[in-house]
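Consider the two complexes below, in which chain A is the common component and chain B and chain C are the respective partners.
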Partner chain A sequence: MELFSLGLEHVLTLPALVSIIVGTILGVAVGVLPGLGSVVGITMILPFTFSMGQIPALALMLGVYCGSVYGGSISAIVINTPGTPQAAATALDGYPMAQRGEADLAIGWATMASTIGGLFSVVVLIIAAPQLAAFSLNFTSIEYFALGVFALICIANVSRGAMSKGLLAGAIGLFLATVGVDHVTGDMRFTFGSFEMTAGISLIPAIVGLFALSEVFIRASESTRVKAVIAHKVGFRLPPLSAWKPRLWLLLKSCTIGSFIGTLPGTGAATSSFIAYSEAKRSAPNRDKLGTGEPDGIVAAESANNAVTGSAMVPTLALGIPGDPVTAVMLGSFIVHGLAPGPRLFTEHLDLVYAVFLILVAVNLVMFVVGALGAQIFTRALKVPEPLLMTMVVVIALIGAYGVRGNALDLATAFIAGVGGFVLRKAGFPLAPLVIGMVLSQMIENSLRQGLLLTRGSFLAFFERPIALSLFILTALMLAWPIIRWLRDRNREARNDIKNT
Partner chain B sequence: MTIIKTVFAGIVGTLGLGTAALAQDFPAKPVTIIVPFSAGGGTDITTRTLAGPMAEALGGEIVVKNTDGAGGTIGTAETARAKPDGYTIGMMPVGPMTTQPHLRELPYSPDSFDYICQAYSAPSSLVVRQDSQFQTLEEMLAYAKENPGELNYGVQAVGSIPHVAGLGLASASGAEFTFIPYKGSAPTFKAMLDGSIDMFVAHISFLTQNSDQVRSLAMLTSERVSTAEDLPTAADQGVPMNFPIWGGIVAPKGIPAEAKAALEKACEEGMNSEAFQARMAELRMPIAFMGGDEFQAFVQSEFEKNDKLLTEAGIKK
Partner chain C sequence: MAGASWASVIGGLIFLTTAFLFHHTFADAYQTSILTAGRGPVFFPRIILAAMAVLSLMVTVEGLREKGAEFRPREILVAGAAIVLTGGYIFSIEAAGFLIPTVIFTFLMPFVLGYRSVPMALIIALTYPPAVWYIFDKVFLIILPSSPWFEAF
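Our next item is the complex of A and B:
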């Protein structure tokens, strides 16, 4: 309790509070703008944090981090362009809702789900950070491989339309991520002799092209006259409590998935939101309507991706291992401020750890307010004349694509991905599986090959590890689930028939 | 005639003034330092720490730009190709400068640059978990010789200095390791904590920050490190090795001599500043300034040394 009040003392200062608010607003803004994601946001503020005090610097970075993970959902809903890769699953149901004229309600669901997900993960962080960090060390390359294979099932679950097209899109995604350096041998793959290609195809420019630019191309290709006029509601509408009730279990499950994935370094919010969405497709109350503008999808994706924010701090703080590029930058800034993360942090600087907890709580609450107020502005984007809006999207998307690593090739990547995305969409291919493929490809390939080096080439040894084996079995069960359900329903029907007769 | 003379004198005068003005006016606009790795990493933080005091000494602005990708080679190539006017320079670490060119065709070599200064040189260390069964390098090497290939040696990237150091250790001692490449230092550190690997090479600030989880088996330096006198070197334990993880400022070849001199002076003054020295002391990093000429000769010798090790190990392509 004493430490709690010490932490509170750290946070209840003007610079810290201002940082929380400014950071969160900035985070939501970079999240909303396609391409300018969490990494660009945190890189932008990094130089400022050097000259700030320890706590305000932490507050600013955590604000940007959490805000940006949430902000991506808004553009996913409003213009069918996930502002960040983490929000790719949100577009699946968010945009259809907006098309029905319910953007205000969709943002309401996303904001509530994000805030609850974020707060849930802070609670997890407070209760069990050292234990979870210790548990995450049970995950070697072999377990990562098993988790990656498990996550691949999402491809089947987020595909709309023909399953063959979904699987093909997923395979394209897996393949695209193999371009560039082979991390196990150092060889170059599919670079066609071009030096620039050795950097590989970066995720963010590809997503910017696939979603944002292809959306622009699609709209430009459609006739402007035949469009139905939809009465878009401007603003922010919270779903009533009665609508939340049947979805509580879904919410809790998605928060848990997000919080767990977050504790594993090297995975992240994009993976967790797809896994949660996939689980929703299997078991959510309205699973059959998923993909057509069903709040269940938004709730699952948004609570899971924001639940990563708090738990991603678990390995960062407790082990000194950053989980993703964003927490890596944060870790760098901690070190600049003379703070050495690791087990020692929890014994020697517990007051700072508590300050981080409190900052995260505050950030999530501020995020809710920023979302509610911001929605007034963002939903107005739907009323902006389309040519103007689309031009802005192109400019911002290209700035984002270039900004991630300052490589001019990324502009070409974004453009080609835009044309590719346009062709794929016209041909009825879903884009979400492609993103899943790109996100998981390197994790699956590298962990498999590292795992084989560790077992000296034995595949059998993969099944001797309990966690990996459980994940493989779970994968098999998930794949067989439609058959299991079918059999169950048939039995039930048969029983009912017997009863009736 | 007088008119021509006047005009001529005018031209000469302007030209003369022009050169004089150039000497004083560098920099006339912000100088960009390219860091070939992402923001928040060791190279980036050192660069940003130095950028402030160096800009002050230069009397201008310095912007840090991160161009990440392909083991740092993308940003290094960008520096080599930049306009040689002194306004685009790069903080180039040992890897992209002296190991990557041996691994594949790159659009640059050490000859593509003018050398400004060495900005840091972190002693590297062979680290193990705190609870490792090995207390000394000799114990570990003896075990590795008895059980060839049983110990797992993690590397942050194929052909990186930690990898080259491991190859050097194997060739100098006759021990055999299984090298397991990860993608970057965070996953390598994780693999060590989860028990996948037995050891890896990190630089001294990593050791300082994580001293409750890892310890040094041997410093890979020719002499004991001034900021860590208590840690024995590999040489102390019978295997002479020296693998510093260094980096320095370079410019595309052919920058104006005035700009080069101004940058070199600013680099030295920046490194002598209190702010920079205090930060380095916290990380237990020795200050390692080298002037342009000395740095160039050093890079060349490192280039040849790593060439030899990579060729011997059969990794050179």
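Our next item is the complex of A and C:
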């Protein structure tokens, strides 16, 4: 209780409260603008956090994260272009409602569902994270190795594009993080005599390049541009309580889907909203009307995608293993601010963990107020010409890359990563596994080497530990899944052919 | 290269780079196997590079079945110009400080991206970079690179 009070004290300071409000407003604005998304949003506010204290910095980042996931729904409803991929399912029913002149009501449904989804996921985080952290205290380096490999394979497997490209991107990330000093032997690796390379490839500049700069280059290479034509009256109207009653079960189910998916590595809010939408299509009270402007679709998609925000923090805070690029950036910036997520965070700095919980609750409540009062203002942001916006993004993102160490070399890293990210995206490679690979590389390498010391060099002994064995089996299943699916499809086709003949 | 997809070209380049790096792991500088029981500085990178070699070959072969890369001259030109301008901007920050290159970049980049209003671009270029510089350099105390010609910035 004493630590909880201390956590509350951390949050109830002027800088923290201002950060919560400003972060949420910025997050919603970033979410509204198509193409920016949560990762670019967080990399853009990074430079602002460098001179802040731990708690205000965390509050600003969490505000941007949650706000951006919600903000995407506004442009999805108003202009049929989701501001973020997470809001793509919202457009299916949100835009038809706007066409009927009910944009304000659709935004009301989305705001309410997002807030409930977000708060639900905070409850999941509060319950699950300490349990997982306590459980992980039994982990040795062998379990951490198995967990790291499992997380990376998951992300590579479910990423957009072919599995081989996802795995290759993950391996590139693992390799890039090995450049520089070997933390075990002190030897230089792949520096080719360059002094500047001894510090290795800095994570934040790499992320700035991979996500923010490559996005600008991708936009430059595309001739078609989204032009915001706002033909509907935008506002905010809360649906009546009686309209919620028949949708409570759908809401609870979607929140559960989102929270569960959020804890899995690599899946994220976009996947959860589509799964919840599919489930609504199968079982919602008004399933026949889905896709024609039915609030059930908005409730399912928005509660599920915001339910990811808190639960995605479960593995990040409890194990130090990020589930997606957004939590990877946050993990990187937590470390910049002297916080090392993992089980020890829960034993040594429980007050800070409580502060994170409280910030997330506050952010979700502020998000509701921001959505209710500012939906109309945020849609005006859609009128900012994209070329001007992208130019501003480059400048701010580069300050984020520079500000981590105040080293001009990091700007070059960001640029090279930007060009590399552009080329890889053009070739259909997902970038999420690359970033997660970079984040997990040191943990996987150290735990592998320590594990081999424990087992006196026998890798087979890794399979004798039950938790590690379970994770290895899951990893093998993930890798074999495309083959299993191919065999299943082939059998089904063969059966269909027999039936037809 | 006619008919080759982006994926196969990139996969091939990654394979060649991986092969070079894998060969590099056998350099004398890394031969500390007696002290580290074979798990020296390149133990882990070698495993990763081996995996990368296999995966890049898979991507290259899979890419051969994909549609050939389409090069639309205008799009390549615009993306190339954006990359060159951003690269030039980044490398000039070290030589000329943050503010002056940012003003020039903020004015030119919108035109590369298709914007055509000169007055608006000029207004943004003359207001946005100084505002950003002031906020970070003076308020948040993130000391941005300064120019060799002016003391203040």
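Of note:
Simple rule for what comes next: the second predicted complex is superposed on the first by the 271 of 501 C-alpha atoms of A that agree within 3 Å, B and C clash if a C-alpha of one lies under 4 Å from a C-alpha of the other, contacts with A are read in each partner's own complex, and residues count from 1 in each chain.
Methods note: a residue touches a chain if its C-beta (ideal position, glycine included) is under 8 Å from a C-beta of that chain, and two chains touch if they have at least 3 such contacts.
Keep in mind that what you see is a predicted model, and the values were worked out from it rather than measured.
When the two complexes are overlaid on their common chain A, residue A:14 makes contact with neither chain B nor chain C.
Once the two complexes are laid over each other on the shared chain, residue contacts for A:394 go to chain C alone; chain B is not touched.
Applying the stated contact rule after C-alpha superposition, one finds that A:386 touches chain C and leaves chain B untouched. Once the two complexes are laid over each other on the shared chain, residue contacts for A:172 go to chain C alone; chain B is not touched.
Looking at the shared chain after the overlay, A:222 reaches chain C, while chain B stays out of its contact range.
Judged by the touch definition given at the top, the superposed model places A:127 against neither chain B nor chain C.
In the superposed model, A:333 lies in contact with chain B only, and not with chain C.
In the superposition on chain A, contact of A:427 is made with chain C only, not with chain B.
Of the two partner chains, neither chain B nor chain C is touched by A:241.
Shared contact residues of chain A with chain B and chain C: 47, 50, 184-185, 188, 406.
Taken together, the chain A residues at the contact with chain B in this complex read 42-43, 46-47, 50, 137-141, 180-181, 183-186, 188, 195-196, 198-200, 202, 265-266, 315, 319-322, 325, 328-333, 335-336, 338, 340-344, 405-407, 442, 446, 450, 453-454, 456. Across the interface of their complex, chain A is touched by residues 5-7, 9-11, 14, 21, 24, 29-30, 32, 35-45, 48-49, 51-52, 55-56, 58-59, 62-63, 72, 74-76, 78-79, 81-83, 86-87, 89-91, 93-94, 102, 105-106, 109-115, 120-121, 124, 128-129, 132, 136, 140-145 of chain C.
Those residues of chain A whose C-beta lies close enough to touch chain C in the complex are 47-48, 50-51, 162, 164-165, 167-168, 171-172, 174-175, 178, 182, 184-185, 187-190, 213, 216-223, 225, 385-388, 390-392, 394-396, 398-399, 402-403, 406, 408, 411-412, 414-415, 418-419, 422-424, 426-429, 444-445, 448-449, 452, 457.
Listing the residues of chain B that touch chain A in their complex gives 38-41, 44-45, 48-49, 64-71, 73-75, 77, 103-107, 152, 157-159, 178, 180-183, 186-187, 189-191, 193-196, 205, 208-210, 212-213, 279, 282-283, 315.
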